[in-house]
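In structure tokens below, several structures.
Look for chain A in each of the two complexes below; its partner is chain B in the first and chain C in the second.
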Partner chain A sequence: MSLLSSGTLYRGKVGMWSWVLHRITGVAMFFFLLVHVLDTALVRVSPAAYDVVIASYKTPIIGLAELGLVAAVLYHGLNGLRITLIDFWSKGAKYQNQMFWVVMAVTVALFVGFAPGHIINVFS
Partner chain B sequence: MSIVIETPNSPRTRSQANLEKYGWVFMRISGPFLIVLIFVHLISNLVVPDGGIKAIDFAFVAGKWAAPFWQWWDLAMLWLALIHGTNGMRTVVNDYTEKEGVRKTLVFSLWGVCSALILLGTLVIFTFDPCPAGAAAELLPSFCPAVQ
Partner chain C sequence: MVDDVKVIAEVPSFTVTLMVRRYDPEVSEEVKWVDYEVTVYGTDRVLDALHKIKWEIDGSLTFRRSCAHGVCGSDAMRINGRNRLACKTLIKDLDITQPIYVEPIKGLAVEKDLVVNMEPFYKAYRDINPFLIANDKPEKERLQSPEDRARFDDTTKCILCAACTTSCPVFWTDGQYFGPAAIVNAHRFIFDSRDEGAEVRLDILNDKEGVWRCRTTFNCTEACPRGIQVTKAIAEVKQAILKGRP
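Presenting the complex of A and B:
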């Protein structure tokens, strides 16, 4: 490839990295979902069994991992809307770059709104 | 290496509806629903209750599922999230597997796990007893009749 090349339209840019993040967050949430359905199913076993397992969600390490999970949910959901707009909105492809930064801004804003309260709950 | 494209000028003919297209449409329809379902799920479980995650226990879940509203809410979330997630994982598997046998086995396993968890979750939501006999009273929601 020529050194004068300014790169490709896609590779290494917002289009690629938004896709990588969408995929990583999606896979992570899928595996959490499998665990979460199983732990919730314990309410059908006994109150004590459910309470023992749900206590692990209140530990500092898992409590912090929940922050990552919430961040993943926020990004994946909002970027999913961006993908849908790229597909269905006539100007979607034109504004995909700007929409990515809107997605990041809203993700960060909602995360910053959520995180302090959750951290206080986990560590108190 | 040259790629041979057979009859490049003839349109694709389909004898049946394109399943791949329905999957694509499903992701875009279920997505916005999942945003509302999961955002409200997170707010009502982690933000609204005093103590957030620390407040979640059997009594909390039982209190929610005593209302049909939350049963149906969680049922919709269960079905849509699992189908959306499994279809997403299917896309990932299709992208990264080289051998057809491996791909088919993984995709088959994904839908097997998906069906099993949908069945399990649906049964749990609708056969759930908020005041099971024999359980310690302090673990139960306050509306359960006191057991002597």
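Presenting the complex of A and C:
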């Protein structure tokens, strides 16, 4: 009941949840980029330390996280095109729902194309 | 024969449970969900059920309603998690096997039960100059072609119920945002060929808290009881700002 006493969750539709997912993937990518900039900058500080950090990335856990990163980039990028069309295409608002499912379909298709090869790489 | 007439005239009735989010600062600061069981008819709307509670069970239940027919825009509330007018939501269209959750619209301060302080909402509306701006004296009719009138027809339908603005996730966390309703009403004049204040209004909305706050979640479009294509209207205002004219 404590959750309910602060009001129920707003039951938005595709538009709202696509935005929530866009936020989550965007923030996740920001943190990846932050770490990425830091580890790359490390090479100027100490090449040996850089090697240690990069070697630590070649583990299955990071390998699986990379899968997540690719999924996030695919969704965020494609949904970004959808949002651009909503703002700039006169029929964008009308077809936003259908465009979301196209975004999801393309995201899944590209991800399915990428994942097997990557998983083989990570675990070999 | 008489029996047949009786069967036709009888409107099916059923029992539903309403969970209403109650808050009365004069009694307690605590917000609580209270359930009411009422017998309603297939023709009844959520507003009728609320009336039944207020008139027959608990007279302290507080909510706004004026015309009760979807014109005045007083009874916007969150019904089963979505902003709706209680007077336009038929109970039979909801899942009556589950309790119906009724709570105040989100993002505006609750004063009592389902009544919120609408002032920040009205202020945003006033801030966009919701009136005709024209320099010439009104000595004769201002003529307009049907095509020019059609340009802003959709946004003339607004009844200021606040269902759109309080469905917006941006507005919930940023009360400074003008919100969909104010932008819709700005759109109504910006794209009116008789109006000369488009530049002023575009300037007002070309702000961090103006149209650029919109994240196109389409909650507003989905919530509008008048079917206004709100997100589309906001996108058109964005375009007008980029072009520098309507």
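What we mean here is this: the second predicted complex is superposed on the first by the 112 of 124 C-alpha atoms of A that agree within 3 Å, B and C clash if a C-alpha of one lies under 4 Å from a C-alpha of the other, contacts with A are read in each partner's own complex, and residues count from 1 in each chain.
The rule is short, and it goes like this: contacts are C-beta pairs under 8 Å (C-beta built on N, C-alpha and C of every residue); 3 or more make two chains touch, one makes a residue touch a chain.
Keep in mind it's a predicted model, so treat the numbers as computed, not measured.
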First, second, both or neither for A:Val37, with chain B first and chain C second: first
First, second, both or neither for A:Met16, with chain B first and chain C second: second
Which superposed partner A:Gln96 touches (first chain B, second chain C, both, neither): second
Partner contacting more residues of chain A (chain B vs chain C): B
Which superposed partner A:Ser46 touches (first chain B, second chain C, both, neither): first
First (chain B), second (chain C), both or neither touched by A:Ile61: neither
Which of chain B and chain C A:Asp87 touches, first, second, both or neither: both
Partner chain(s) touched by A:Val27 [first = chain B, second = chain C, both, neither]: first
Doubly contacted chain A residues - partners chain C and chain B: 83, 87-88
Sites on chain A touched by chain B in the complex: 23, 26-27, 29-30, 33-34, 37-38, 40-41, 43-44, 46-48, 50-51, 54, 57-58, 63, 66, 70, 73, 77-78, 80-81, 83-84, 87-88, 114, 117-118, 121-122, 124
Parts of chain B lying in touch with chain A, wherever the complex brings them together: 27-28, 31-32, 34-35, 38-39, 42, 46-47, 51-54, 56-59, 61-62, 65, 78, 81-82, 85-86, 88-89, 92, 113, 117, 120-121, 123-124, 127-128, 132, 135-136, 139-140
Residues of chain C that touch chain A when the two form their complex: 21, 31-33, 78, 80-82, 101, 103, 106, 167, 169, 215-219, 221-222, 229, 231-232, 235, 238-239
Chain C partner contacts - residues on chain A that touch it in the complex: 1, 4-16, 18-19, 83, 86-88, 92-94, 96
